[in-house]
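Presented sequentially are two complexes of subunit A, the first with subunit B as partner and the second with subunit C.
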Partner chain A sequence: MADAVFLALTVITIGSAIAALELRSLIYGSIALMGTLGGIAGFFFLLDAPFVALFQLAVYVGSIAVLILFTVMLVKRELIFNKIEDKRRKFAGIGLMMVVMVGLGAVFLDSGIKTITTDEPAVDFRDIGTDFVTYYWPALILMGLILAGSVTGALVLAKREDVENDQRTN
Partner chain B sequence: MSAIAPKFKLSEFIKSLLDNAFWAVLLASLIGLPIIQIVLFYIEMPVIDGELLTPFLALTWLADPTRSLPILKAFMATDMFRVMAFPGFGFAALIAAGTIFIERKMLAKLQLRVGPFYCGKIEGILQLAGDGLKLISKEIIIPAKADKPIFWAAPVIFVATAAAFVALIPVAPGWVVADIDLGLLGVFAVIGFFPIITILSAWSANSKFPFIGGIRALFQMVSFEIPLILSLLGVVILTGTLNLSEIAASQSSFPWIVFLPVGAIVFFITMLAELERIPFDLPEAESEIVAGWLTEFSGMMYGLVQLGTYLKLYAFAGLFVVLFLGGWNGPMVVPPFPEELLVGVELGPLTVGPFPGLPLFDQEMLNGTLWFVLKTVGVIFFILLPRGVFPRIRIDMLLSLGWTKLIGLAFVNIFIALGLLYAGVLGPGGLQ
Partner chain C sequence: MTNELIDFTLVSVALLGIGIYGLAVKRNFIRMLFAVEIIINAANLSLVAFGRFLPHSGGQTLALFSIAIAAAEVAVGLSLIIVAYRMYQNVDIADFRSLKG
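On to the complex of A and B.
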């Protein structure tokens, strides 16, 4: 069962990644990108990490992909891209990527990743939280400061005082 | 002789009826029965009262109706029942249908109109069925330059996503479709899909009004997701779990709205925005952009989007109940089952009961469902109410509300929760 799901997820992830690069339609390309990100979330589910998987879905599929879609929709494709149809370059690109991926896969398989035992219990997300507030507290504080800074920046940017509101009647 | 069918003959009519009956019986016995037998052969049958449920036993309920109760009860323990009927799709669709009718009738009363009146004699009670029939029978028109695959898929995916949201809501103790450990994160992940579907369907229609509506929906949903997630963190901090069933069970003595009213208010406002309800119905603003991102949908596609919208409304109301109003918790009002139902009593010469398979639900579950439904209906009422009262607000007001005021209030709520936790009022060592 897990093997079949793994294979299916692999096909979805790699297939939609290729589609995201190769499709002429930008919208379909970004939908395919969503498929890739969702497939990666599926891998996290398979790895007994539902916490990371759900965040992958919520952040990458739910927000980043929406951002890309939104940007793409406001673009007039004809103004930016010149169409250069070249079948040979296309297949050469796919082939090169396959070679790189097969090479990387061979390296991974050779590195002894097969000997890792996989029947250990899943890590509870509470343990991740405990680790964050004990061992990794400097990283947590740094992240908190960066996020607080960005949220404050976003609020300042959103609150524009210089715009005269001539629609409001008061 | 009628004018509609001038060559009408009763004998011909009866003959055609008999013809149809003959073919129905023939096809059922030659194709239908073998298919049923084959299906029964392959699916795994439950064990009832110590004996395996064979097709023969399953059909004995025709002779003895009491036999059907254990079969029904075994069916109700399956995942299929949970997904399709009780805490899942069927139950939610029922509440959604009720919501649509109540909304129209209540709005009419608020605005001194009558509302649906003629369909079905009593206060237009059959209006909804009539609308459904009309939607099903209408032609589905696809705009000529629409992107057809996305346009066709969007309503279906919308309903599916709403049903996935419904599946996460616990209705009674143990009665939830997907009781996952990270239920609340699952809710956040599912909510994140709605803007994608909206903007894709709006773009694929290749029309101006849907696109404007879709962009508005995208702005609104994405910007209100942040205060929505932040406003729920207070509850998570105090309960120490993300499982929605555990969060509901943790409120047996008091609901969290008592301690986190700020979070509840912020969540309610963001809920209105996520549901595109008045005063935040900019994506559908019917007086400006026809029907917003729904403009090009027709027939049952529109019906599906409406179904999805109201399923989402039920799911959000249920989430509010589970997180802030105590979920299924409430005083026990369901009376205990009569003796003869459970153990059987002797009444003179007769022995009444116990009936096999009864009771179908236990008392706790009935009570939990009752309280959950009561609270959910109350929340839905408060979601509907602004529609009769408020006008629509401008998009810049909406965005400044979401980005400045609500996020600030959500942080205030988190600090209240942290203060209660560190002061030892709640959480480990505190109340409960």
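On to the complex of A and C.
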């Protein structure tokens, strides 16, 4: 059975995920998204993975959520409020959500996952470090290259050429 | 542990469902990015939970990779939003028509 901390984290995570999508203002929505990401970090703490939890807090709550907030601030004020949505599309979406949740949930509840329990100690974070530099080192280098490439690509995409030309003529 | 693997898996399934709902219903580019983030987090939760209960260090390692790649994806996605906003003065994807066949 799940304990009280787990139930509280579940309520926070799922509640703020719904709020992130449904709140009228995008700014409040992105703050609610921070709640979801923080709740996931809490789950990682419960799963004895403090390293991943702190990584999640640093990368997601610390940088991605702030990046999203700044992008929202760059958008015009009237656009960050929701327009009235198509009711039919909304009901179809809720139906799809229910199908996914009930279908996958039933499959998992019916499978052998229910019987898996463990009394073994948690994985030490030193093992993760060893994994990174031994077995996964090509993937680590590739990941670094992808990160550098994507950040450079993002900068190139977001660069304003018209402003630069204006400055040149001035 | 009092919490079992099935509990974490069900939370992950719920988050996946919410994310799919967001992708299907919302027509705002930024909201769709929120939905993608929620789905990625559901996947990470599943990875770490299975890694804990098997137990195997691969789950946490893959989750770390996934978080780093998601950071890159968000950077590119947000810059695409900024470019699209500059071109169309809107973040509603119904207005982004130039790629429509």
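One rule holds for everything that comes next: the second predicted complex is superposed on the first by the 121 of 170 C-alpha atoms of A that agree within 3 Å, B and C clash if a C-alpha of one lies under 4 Å from a C-alpha of the other, contacts with A are read in each partner's own complex, and residues count from 1 in each chain.
As a convention for this text, a contact is a pair of C-beta atoms (placed from the backbone, for glycine too) under 8 Å apart; a residue touches a chain by one contact, two chains touch by 3 or more.
Note that the coordinates shown come from a computational prediction; the quantities given were computed from them, not determined experimentally.
Undergrad: Mind working out whether A:27 is in touch with subunit B, subunit C, both or neither, as first, second, both or neither?
TA: Touch partner of A:27: subunit B, not subunit C.
Undergrad: Which chain makes contact with more of the residues of subunit A, subunit B or else subunit C?
TA: The partner making contact with more of subunit A's residues is C.
Undergrad: According to the stated criteria, A:146 is in contact with first (subunit B), second (subunit C), both, or neither; which is it?
TA: In the superposition, A:146 contacts subunit C only.
Undergrad: If we overlay the two complexes on their shared chain A, which of subunit B and subunit C does A:17 touch? Say first, second, both or neither.
TA: Second partner only, subunit C.
Undergrad: Have a look at where A:55 lands relative to subunit B and subunit C in the superposition and call it first, second, both or neither.
TA: A:55 sits against subunit B and subunit C alike.
Undergrad: Check whether A:66 is in contact with subunit B, with subunit C, with both or with neither, and answer first, second, both or neither.
TA: first
Undergrad: Could you tell me if A:133 is touching subunit B, subunit C, both of them or neither one (first, second, both, neither)?
TA: It touches nothing on subunit B or subunit C.
Undergrad: Touching A:94 in the superposition: subunit B (first), subunit C (second), both, neither?
TA: The second partner, subunit C, only.
Undergrad: Subunit A residues touched by both subunit B and subunit C?
TA: Comparing the two interfaces on subunit A, one with subunit B and one with subunit C, the shared residues are 51, 55, 63, 125, 151, 154-155, 158.
Undergrad: Which positions of subunit B touch subunit A when the two form their complex?
TA: That would be residues 147, 150, 180-182, 185-186, 188-189, 191-193, 195-196, 199-200, 203, 215, 218, 222, 225, 242, 394, 399-400, 403-404, 407 of subunit B.
Undergrad: In the complex formed with subunit A, which residues of subunit C make contact?
TA: Per the touch definition, subunit C meets subunit A at residues 1-11, 13-22, 24-28, 30-31, 33-35, 37-38, 41, 44-45, 48-49, 51-61, 63-65, 67-76, 78-83, 85-86, 89-92.
Undergrad: Please give the residue numbers of subunit A that touch subunit B in the complex, ascending.
TA: By the definition above, subunit A touches subunit B via 27, 31, 34, 50-51, 54-55, 57-58, 61-63, 65-66, 69-70, 73, 125, 151, 154-155, 158-159, 167.
Undergrad: Residues of subunit A touching subunit C in their complex?
TA: Those in contact with subunit C are residues 1-3, 6, 10, 13-14, 17-18, 20-21, 26, 29-30, 33, 36-37, 40, 43-44, 46-49, 51-52, 55-56, 59-60, 63-64, 67-68, 71-72, 74-76, 79-80, 82-83, 85, 89-90, 92-94, 96-98, 100-101, 104-105, 108-109, 113-114, 116-118, 120-123, 125, 127-128, 131-132, 136, 139, 143, 146-147, 150-151, 153-155, 157-158, 160.
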